[in-house]
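There are two complexes below, and they share chain A, which is joined by chain B in the first and by chain C in the second.
Moving on, here comes the complex of A and B:
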């Protein structure tokens, strides 16, 4: 174990290719009456060109906030306290307001959990897509209209020229999310931040939207961070997965490795908690014991220890640094492979 | 939408009919007699009876109502008992000053409240917001007659830049003379509009679509000034239309302070004289104006919010 603990940072597998996005030691804090809450605590992530990184964890684990920090949109009163976020070689945390607007307009796009509320209810969808194209790509009104119709067609909206004059409330949830995706594509982004993009949708629609995102990623070589609490979604759509717990990344692995050989006890618990539809297992819905952690009262060392089946006294001294388990997989738990 | 508004106009005929009948009865329940007012205390009972007969006030109540309603729907509101002139002319002469005053006051209130409401919402709970909220509270709490007198003192007497009241000639003259009364009403109306806009704009600024617009790299001025503002307008329209409804008959004090020859002043005078036909005509005009303002507000909702339009089409 000691040899793994001592492994140098550069051995982290995700650092091998030249990544588009590298997050290092990111700390995001929210002041509260009882003290500072760390929504992200020394978080490390990389996303390669054209790669889909799944970011998974329970509600409140810090995955959404981490995602928002990339485009400078940590909600008030939160703030980035430390670390760096390098996008295409530049630390975005040092960007001016104008540079950040430029980054959002042309480099990084975002789609949201609830497309019903993320679309402006009082403007037609045609107006909203054209607006992105006119403001961010400098197209004329007529060009923007034609391009909008193309984008709507590309995301699978039937009769797109007629749908241009529809309002968001006249569309279904799946259609609205397609419109959101079309708007995200309008700026030809290199990175798409998808924050729970399918959570508010029916299961059949979820599948269609995930397929659409996968197709678009391939055709544009677009990178993507897919935030979800749903292991099923992550398993279908992500190339590589980062598991987050109480503001920390506890495990990073390629998707197939993560599902077949999960290392961190929290990852294992998440996978065990996935509902099985096999006849013998139908009634047995396994859950993770205990409560999601209170971010104000985290234990020393590993925050998962109070709920962990492998917990021991030494957990209080764990550094929570990711160490390589296998060439592509790293985990923050030094004890997971002991006697299990 | 047009069908919906058309139906609203048709409904309003029933509302007007109800206003006519109720006001007709209520006025006659007030103690006091117009003929006694007109002839003075020395009038003999024979004189009074003669004038009553002359004016048709001796006819049975039912007959009086029927003939009034019939003539009202033909556009004739009768003849003033005191002034001996057609009510139509009397009311119409006074209508425009009141309408101009109200429009002017509304425009001023909007000019004051929209930027301040937006400022408050953008800087919520910070110093600019605190200042705006405190000032608006003070402005709202000041009695209108006092505020009016203070404005006269400052602008008409001390600075001598604006007339203290009355009514001018031509567009420029009217504008000049109505500035102080309109400002008095505007300063009363603006705080309510400002607070409404502040809260609805804050709600819009906190919404997901504003967050999404920011994530596209739009300028904050566009995000708040256009995308959030459009959504925040609906509550503003509600509060504005309700207030205009009140102000149509509630500008009395301001009209008296500034000697504006408007409907409010006429109403006070007519009630004191028990001039039934004029009171009747005024109530009808006030009612019609309130209904009109509400219909306009409905139309404005429909213009601003497509979901309202959809609701109107479905009705």
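Moving on, here comes the complex of A and C:
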């Protein structure tokens, strides 16, 4: 059904050897009345210099909390229970409050799915960007204003000097997301965490925003984690992809490899479930039986077992460690290559 | 399959005929507008839509947010009274229907919404909701309820559950079962799979395709995602600012789009298997204009790379009527619509 023979784009920059960000064994828990919800459960990730890492998975798989942990913003009552997050050689989980603030101001920026909720409705967008610039870069009022106009212009806001006095509600969703991106760029971050940056946008506007992010990444050699539940967005915008399921990374591979030779049964299922624009057989889309697991009642071993077509008794004992399938690809399933 | 004997439900005779439909909303004025005697503005949500639906046929309607899809759907099921034009359902004028005729119509066309809570009462068990809906035709009892649950792929035991105890996908199945209990002749699904994760979305898309194949149900399937529509629909209509700009068999419209907007939608659709597509085409620029202020002439001209002088003055009509693949564009930059 999926045209695996049509090779995806391969014009991606090579990932650099030393990662900018390394996450190892990250565990994040939310205490609840019924028990501890493990939103991230021994998660491993790396992001190279100038690389776009796509993070994909179904709703509730732990994508957002993982990103938030990187900037010390796991929502209450959640907490990081273990693991390490090394950014440029230092474990940010050991940062003081002041160090974390500095990290967010100058090194790592984050943009969210719903830009309306992240912008303050009572201030003009010009005021909000200038404020960030004055706080983070220590610019004077006049400098901040000029720099804000430059940034708005860079993200493609027409007539930016006049737009400075607009309020968020006077802008379309696409414009607000551009403003969010301009604010994120204010501190010249080395890493941008983009959590579903286009999910609330129409497809033509999504296309514009994804192109803008790609241009900025090239221009600044900025690294990026692009979170999405949409395999199409991930497949067109990421260099490398990490697939998340029930708080774990189950497969990591360069984008073209992931789409042409997926290893983990969950990755294969996600790709097969994608509706195609011009399908060969439109009435029978392949589905994944059942639903994502209840994080309170995770099965022993592989959490995908209840839905997996290849499941067997041994799956209750797998370690879920990522092991290399090919040089750049690793998978947590030891059985995927057996009968195929 | 219905208690009503559809008089015109023979192949080739449309069950639903919409002609030159318009629906506008008056925008609330601020006190300043009132003092300054500014005229009340109107949103032209649906601005001249004509379409036909054959029995057994699935018509997809695609458009970005605000293009008027939901407003059109609500006019069809007589939730809104159109301001211009006619809707003829199996010989009955929906817009003029009152009393018993109107109540009958409600049973013969059923709507499925994005949020299944819209049609499921949270206080009522799934079984009770289905049974209540079936009463119109004097159909009740556990067998009736259980059989319908089976049609939509839910265990019979779910009859006892409340909507809250179901997952998103299961809830959408229950809402579909409730709609089917009324034995509608036309099902109108408004973004029915848009809020679902890809694995669950695939299950529900297959269910819609199966309802069309096995029960021969006529459907209007509304979505903003082109790929989703191509899995269910026979024919597709592309909407932009309240108007259908292109319409035809899905295969023909998606493989050889004629309207620049359809082309732009297809190009912006993120498809990881489309080789280098992102490099070949320029993204269409700008935002969708406000429906308060629809551009003169061709409504797409403010974003159209092919616009000429005539596009500014003349509103292109969706013509000619006797062709299966119709388009509203003066220039037709990709050639004329195919014959036959």
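Worth a mention:
Following the convention adopted for this analysis, the second predicted complex is superposed on the first by the 318 of 340 C-alpha atoms of A that agree within 3 Å, B and C clash if a C-alpha of one lies under 4 Å from a C-alpha of the other, contacts with A are read in each partner's own complex, and residues count from 1 in each chain.
Methods note: contacts are C-beta pairs under 8 Å (C-beta built on N, C-alpha and C of every residue); 3 or more make two chains touch, one makes a residue touch a chain.
All values derive from a computational prediction rather than experimental measurement.
Applying the stated contact rule after C-alpha superposition, one finds that A:275 touches chain C and leaves chain B untouched.
Using the contact criterion defined above for the overlaid structures, shared-chain residue A:73 touches chain B, although it does not reach chain C.
Touch criterion met: A:122 reaches chain B, while chain C stays clear of it. In the superposition on chain A, A:169 makes contact with chain B only, while chain C stays out of contact range.
In the superposition on chain A, A:138 makes contact with neither chain B nor chain C. After overlaying the two complexes on the shared chain, residue contacts for A:103 are found with chain B alone; chain C is out of touch. Counted by residues of chain A touched, the larger count belongs to C, out of chain B and chain C. Of the two partner chains, chain B is the only one touched by A:187; chain C is not. Every residue of chain B that touches chain A in the complex is listed here, in rising order: 207-209, 211-219, 222, 227, 230-231, 304-307, 310. Of all residues in chain A, those touching chain C in their complex are 2-3, 6-9, 11, 58-59, 172, 174-175, 202-208, 210-211, 229-237, 255, 259, 269-270, 273-279, 282-288, 291-292.
Interface of chain C with chain A (complex): residues 64-65, 167, 169, 197-203, 205-206, 209-210, 213, 224-228, 230-232, 251, 254-255, 264-273, 275-276, 278-279, 283-285, 287-288.
Listing the residues of chain A that touch chain B in their complex gives 71, 73, 100-106, 109-110, 112, 114, 117-124, 132, 135-136, 167, 169-170, 180, 183, 187.
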